[in-house]
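Since the structure comes first, as structure tokens, the remarks are kept for the end.
Chain nomenclature is as follows: A, B and C, assigned in order of appearance, with residue numbering initiated at 1 for each chain independently.
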Amino acid sequence: MAYFTQQLINAITLGAIYGLIAIGYTMVYGIIGMINFAHGEVFMIGAFISLIGFMICSLLGIGSAPVAIVLVLLIAMAFTSVYGWAIERTAYRPLRGSFRLAPLISAIGVSIALQNYVQLVQGARPKPGGQIVSGGFNLFSLDGFDVRVSWLQIIIVVVTIVLMAGFAWLIARTSLGRRQRACEQDIKMAALLGVDVDRTISLTFVLGAALAAVAGMLFLMYYGVIDFFIGFLAGIKAFTAAVLGGIGSLPGAMLGGLLIGLIEVFWAGYFSSEYKDVAAFSILVLVLIFRPTGLLGKPEIEKV
Amino acid sequence: MAAPLIEVEHLTMRFGGLVAVDDVSFIGRPREITAIIGPNGAGKTTVFNCITGFYRPTVGRLLLHGDRDYLLERMLGHEIGQRARVARTFQNIRLFPAMSVLENLLIAQHNKLMRASGYSIFGLLGLAGYKTAENAAVELASHWLKRIGLLADADRPAGELPYGAQRRLEIARAMCTEPRLLCLDEPAAGLNPRESAELNQLLVSIRDQDGVGVLLIEHDMSVVMNISNHVVVLDYGRKIAEGPPADIQRDPAVIRAYLGTDDSDSSPHQGQRSLNEGDGRA
Amino acid sequence: MAPRAIAMLKDAALTALVTAALGIFIVGFRTIDVGSRTGLSFDYELTDLAVAVIVVFLGRLGLSLAAAGLRWPVIALGVVMVAAGVSPMKLPSGFLHWFVALGGALLVLRGIWPWADRAVAVASHTSGGRLVQEIGAKWLGWALLAVAVVLPFTPLADQKTMDLGVLILTYVMLGWGLNIVVGLAGLLDLGYVAFYAVGAYAYALLSTQHGLGFWAVLPLAGMLAATFGILLGFPVLRLRGDYLAIVTLGFGEIIRLVILNWVDFTNGPAGIGSIPGPTLFGAVFAETAPAGRQTVAEMLGIPFNSNHRLIFLYYVILVLALITNLFTQRMRRLPVGRAWEALREDETACKALGINPTNTKLTAFAVGAMFAGFAGSFFAAKQRFISPESFTFIESAIILAIVVLGGMGSQVGVVLAAVLLIGLPEWFRELGNYRMLAFGLAMVLIMVFRPRGLIGHREPSIRLHPVASAGSG
């Protein structure tokens, strides 16, 4: 029971990170119907910017962890957003109206290019991020097994919840959110009604990238080490989360993230850690085959 | 009167809460053109999609009499074309645009050619049997290209053809499947009067020479009234009238629901909706 | 003119600013390992960043000028940048020189583009031009084949060239195989390398554990890979295009992870070694033959030369690749091949014509997988050592890049793309590190500017009228 609770806490932490990335996939899919294959790489770039941000903070002598975290969070969100914007502008926007698979192929190209760009300029070796937040407390002990919650885990979950709430408010209550939802329903009609579609799509990518940057920072803090390749697996798992939750659905993305976190942690904890990625991939394949609309997604009616 | 070719019985199609087709029954006969008319959103294309297997009807029976009886509502999409031999065209033309006109017509003969090529094995070996079958297929394609006046364009990509020619090619492609029943979804849409008249001739020849039963969705009343033998009128998913074209023009229910055409000489009524105009009901 | 110039400068400045924002952290601060407990420190690379920003500024300005029709200033700007790139100016890295020069070269190209474009457009719209295009594509294929056949007998054929030749041909074969799936049937398969792995492990295991020879295993490996293709394909081929792509990626990774972790069967990450090479009528390529065998040198009565093995491998892969090509060309002219292309064009229309989409896709998937299986067996026999590292997603992406760059569906295009993407980086070793970066960028650029690939012309699989009248339309 204690072991189970411990795993549950770990799973929720991991699931929060996946959920944040998954939102980027789900929003982009919702609005332009493409799988932004490069989103995992945007997350990776966010992690790198965070790493460098933390190093600059310590260079500048900012000793207080909360100040450093907030500062780096803002920096990472801002500068990773530029990546999201630039990718959409250069690699996807010119392809609207091209053949069906063109955006996906282009996205794969972006993904490969970004990975190798970071590898070239930052090197291939894993980068230790140091420990920014340490410590925690014992939740309870049972049969000599301590169930621990680290401060870091609390930070991760709190940051995620705050961001999600803010994000839900943005989509539900602001004019940006309305425009976004209008484009999701019918992009042509939205354009006819005076919604600036290009701007709305750009903003969708910017928002997705900003959330991925947060995920990147949390990932860096949680695992303490990153490399240029982390975007691939994390991206696939987050995409799986988005599909599992129902692609196009924001609560679905969060739910999917949590489920993927649970599956991964419990699989590794109870079965075998070697096959934990196989489990994630298998879930992806099974969901797409048997329930492509996911748990909370709406079915699509084929238009003939 | 000939025995029925297709019997549509109590066809109902629901999408969630929306009833697109509501308990519609009618009969289509061989060597006859049965027109299905009605305002936009009346459920005409949905009826076609049920008959050709793109949708599975919520309720109803779709019986096609061929070499044996086929229950279309139980068959998979492609089997309806392959076994029951029901062919169709689409409202928004669906050719294979990058492939040549001739290739479009050969793909329509796919199942026949697959058997002849021994599921590719004889074909790979280059056996004579397959060559003969392919020549016959090209022959059939040429026959149809002559009938639609596109023989000279046989090797051009289909997507390069002018709009009217693409419409005709789509009909020829459907005919190359050697169907029993041909379903045409607004074949005259976007055609000029001359092309429209040519289309009439083509459809009449398909009915009379090839002996195929035709189901026709059309908004162009000059086409409907001139060539159809039987008209079924749908409104809000329900059948509101049925009969020969001359009767339909005088039917009060039809006139009430919608009428007024530029081409027919029935007197216009107040508040009626034009046939060519969308009324936003979907 | 003035407000326009200001607008151009503003636009270029904005682009430069975005570049600066993109680069400031990732390029400007290079993290380096220092070995202490915190582990990292910085190298400031602000010169790199500055050069990048300047190049982007000038490049964007040049593009705006070109769009405004001012060709000569663009060409001049490009020439200046190329000169700066090749000048002995002191820059922190050789890459920056390349970067500046490449930017300049692209501007020069952009400057002369309108002329080239018009010439091509004029040529391709005359009947003669079309004929030249069509015959050109045909002759290019034959010329490439002739070069490939005689290459081992030319003085160029040192070990390095032959190695490279074998490598390029392997990718040509894989590209042709994947072209069936992606180019003809329009199914984006991101897990193609899985079938390559199946073929490689089939040969590696059957030869090292059961003593089977290369020629006996080759058909088995192909069939095994095709079976895998059918098993994996069956449940997923009804999915929409982009979902299918992701599922194939998932399957590819699952197969790799299983190979990696099923140590008892595959020897896991350590891989399988001492795989025997292919034999020629039972004779082996070695200085001394094992008991009961003879060497090829003995059989042919020629002196032993270690190059013979390489030349033999070269011809084996050449023949395998040509078989792939012939098979594909033949299939394209058969009903099933036409149905593949029709499915790529419009699946709904196919269904309405009575074509079974699942079966048709399945044949494409299985045939593509079969050729990957053949290529995998060859790879294992050539390398004599395989491990899961050779079968990562990146490998699938490289093969896909070759197909995409070549022009989906074009056989000659695949060859050109393989030479370009595999050959060039090997010849210019110092560029090797930038290879994957260039792959990624090339995929994006092709999609944006030339989605039909380097060779985009499609020849109908059958003609009613002879070619001479092709220009009449």
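General observations
Note that in this section contacts are C-beta pairs under 8 Å (C-beta built on N, C-alpha and C of every residue); 3 or more make two chains touch, one makes a residue touch a chain.
The model shown is predicted, which means the values in this text are computed figures rather than measured ones.
Inter-chain contacts peak for the pair A-C, counting C-beta pairs in contact. Of all chains, A has its CA centroid at the greatest distance from the CA centroid of chain B. The mean-CA centres of chain B and chain C are about 44 angstrom from one another, to the nearest whole unit.
One inter-chain figure worth recording: chain A and chain C are separated by 30 Å, centre to centre, where each centre is the mean of the chain's CA atoms.
For the pair chain A and chain B, the distance between C-alpha centroids works out to 48 Å.
In chain A, the residues touching two or more other chains are 302, 304. In chain C, the residues that reach two or more other chains under the touch definition are 348. Contacts with at least two other chains are made by residues 54, 90 of chain B. Touching chain C in their complex are the following residues of chain B: 52-54, 77-83, 85, 87-88, 90, 94-100, 102-103, 106-111, 113-114, 117, 119-120, 123-124, 134, 138, 141-142, 145, 151-157, 160, 173-174, 177.
Partner chain A is touched in their complex by these residues of chain C: 18, 21-22, 24-27, 29-33, 38-42, 45, 48, 186, 188, 190, 235-236, 239-243, 245-247, 249-251, 253-254, 257-258, 260-261, 348, 393-394, 397, 400-401, 404, 433-434, 436-437, 439-444, 447-448, 451.
By the touch criterion stated above, chain C contacts chain B in their complex at residues 327, 330-331, 334-336, 338-339, 341-342, 345-346, 348-357, 363, 458, 460-465, 470, 472-473. Listing the residues of chain A that touch chain C in their complex gives 34-35, 45, 48-49, 51-53, 55-56, 59, 75, 79, 82-83, 85-86, 90-91, 94-95, 98-106, 108-118, 120-123, 125, 127-128, 130, 232, 236, 239, 274-275, 277-278, 281-282, 284-285, 288-289, 292, 302, 304.
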